[in-house]
């Protein structure tokens, strides 16, 4: 199956990589001690690793090209993997959701498995699920690449932190304020930038995200600068004081609730008049306008709704950690959320949930991998774009069908 | 007045460095319409390679001139190789894909390379050896302009001149211009487009490597994350000048360098990076075609 | 007899140094089929792009006379507003929503005639649900009318070429236009598809739909249209009935080398 020619090609590739990675992987200098460390074993890893990876890479590329050509000539639909077909069925989807929910509800009480530490990690993962679903509205449905999503998250977090610090406002009061303020920010930012072409929009949003972070870092009077704000109150529970453990479990359940509500709403949005307009906009902006859809209004709706969810989770984040500083809101955070959406599948609710759980939990549980977390996120973005741009679980959309009603059949 | 000249010169130096990086953005954008987000990392790898080579050589007691030449050569060779390789892995398979897919891939590549260097080397700041000596003839004006600044300005000017000659007068340069105007047409007249794209990445990456070496010895330390900010700023410069335009990239870089220098010198240095980002945002919103760029009209 | 529905006055469009449209006047009457013809690059598509708001004309004005209301100037309107006011178009190089189903494509056309909001989408109240049902139903009826029901749940990009062109027409009609603009609807069709298209256009027109179409197929143009405008190099060089155009020496000269038999 693998010809000699292929092996030779891979050999060349592995030698090339040995050369390419030589200075960075093999040499390690210490300029202070004036010592050089030669790590030749790394070169062996690189040669062996790139040899096999290049075979796999070319095989996958080859398979991808066959599939696209088959798709172009209209034969079969390779998107329809078994899982995809199974998930397209509303009933099996409901079953998954209900069982996932059951697991989620039972999780804090599972003996052996759960501890405060575990519950905390799960809460984080659920926060990323919601962030992913929020960004999914913007990137997945409306096709707007927002690289500054974390800015809205920061708006929510700082809204709560500051209102709590200065005025002692509680979590539940600030929760909607944080969301609405973030959405408002989305609208203000969206007005000038949403008419830009896709790649420029991406860079401008990145720029805005960084500006907000830098302002938070430098405007000490307002945000207390890089040292951040601490002692933020945890969410209140009908005026009862919770112990730390109870509070953690409480926030966990709140997040489960938020996830359920978010899924419910995002699902409704995507099957609505607005949701269809988003998808149409993503597919062809000009045709979309020619159909009478207001491009600006539609994009703004997506942008501000996405921001709203980020704001909400920002408030939760501040309440959960009780301490925030600008370092939590770097571009990398936006990139992580983007990886979640890209891995799971743009526009796919189940995909995004899956993506968040994999990308957040895997590094937590496989401690050995934790170091390679960001490396993996980068690789995920590249590999998904090259091999599976629709994500692991491609988007599953409602198929509108006409069913003649009594009124309809009489005509 | 002296302060003004000092700021002017430091602005020019900054601009020169930005220009070396911005050229890579603008050339790649001109040819394949992609914002090569990983370009800042190419620059960072150039800086790292020259750091490693220079340190080894100075440990073994090589003369300064040999160190400079060899470190620069190594930086160019490896950066160019990285540029060539990432194009093959992350962009070439996406040539027919939507623009945003390639951009996402580029972002992924950028994150990957940063963490690759972080893991293989270190997360600490490393002291970069001072490669450029203080020239005796610069003594009288040393408090205004350092020797490094001079070297940076001279090197950049030479690099620009070479690039201009290459693009204007050589066969490969003509092929590059043809490819950037109409790729399909270029292919039809027998230009090997794949090769031209590779060459573009190689040239752009080499320039970035020189920038990496110069800035590292100017500032005196490097780190795996220096590519991000430098990349964004150089991209800002490229957009400011009109992305796709080579003279534009140089002009934009000089304008950005001067703006930053004067703004931090006369206004406040706290918000140094905010200036650059704000400039980026403002240009993209109000004049996305930049100073020298062509207005792209969309045909329906 | 019938009142005017569209009136274009002195339309001029410059692209940098190129004058793609030069002082073009054109009008369409209620219920009429009018053709706009001319050699390649004459500026026909540019004319459509200008009156539908995709390009902003350098000079001139565009007026739409709607039933029961005074005339509205379309100049400077955004494309979506133009569609709302009553001009809908198809594109020379098909621009469907390729990943959406055929039914959904038409449903998008209903967007500007419906009104449910984010709130409605989230709450899914009775009026939103009723509106959704009516969108599906009217879109389905449109597919029946255009003869595309067999493809109703297919993904648009998988449709045969001719069907894609018809779907574009269906989608445009779904916006309930006062005037339908067709940019080379028969381009790339085989003779049989073309004759089906002629029937389709005739049946649409029979319901009183005013149509302005660009077409290179002279047989189709001569068969269908009541009046013809001819453009060359951005200028209008002739207008009149098919009979007049066929015998117009300027037109024949403009088309020299191209066949003008009908």
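As written, the chain order gives the labels A, B and C, with residue 1 at the start of each chain.
Criterion: a contact is a pair of C-beta atoms (placed from the backbone, for glycine too) under 8 Å apart; a residue touches a chain by one contact, two chains touch by 3 or more.
Computed from a prediction, not measured in an experiment: that's the story for all the values here.
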item: Centroid comparison with chain A (C-alpha atoms), farthest chain; value: C
item: By mean Cα position, the chain sitting nearest the middle; value: A
item: Centroid distance [mean C-alpha coordinates] between chain C and chain B, Å; value: 49
item: Intercentroid distance (Cα basis), chain C paired with chain A, Å; value: 41
item: Gap in Å, rounded to a whole number, between the CA centres of chain B and chain A; value: 30
item: Chain B, residues touching no fewer than two other chains; value: 300
item: For chain C, residues contacting two or more additional chains; value: 54, 91
item: Contacts with 2+ other chains: residues of chain A; value: 286
item: Partner chain A, residues of chain C touching it in the complex; value: 52, 54, 78-80, 83-84, 88-89, 91, 95-101, 103-104, 107-109, 111-114, 116-118, 120-122, 124, 128, 131-133, 135-137, 139-140, 152-153, 158, 171-172, 175
item: Footprint of chain C on chain A - complex, ascending; value: 74, 265, 268-269, 272-277, 279-280, 283-284, 286-295, 301, 305, 399-402, 405, 408
item: Interface residues, chain B side, partner chain A - complex; value: 34-35, 45, 48-49, 51-53, 55-56, 59, 74, 78, 81-82, 85, 89-90, 93-94, 97, 99-105, 107-121, 126-127, 129, 228, 232, 235, 239, 270-271, 273-274, 277-278, 280-281, 284-285, 288, 298, 300
item: In the complex, chain A residues that touch chain B; value: 16, 19-21, 23-25, 27-29, 31-32, 34-36, 42, 57, 61, 64, 143, 145, 147, 192-193, 196-200, 202-204, 206-208, 210-211, 214-215, 218, 286, 331-332, 335, 338-339, 342, 371-372, 374-375, 377-383, 385-386, 389
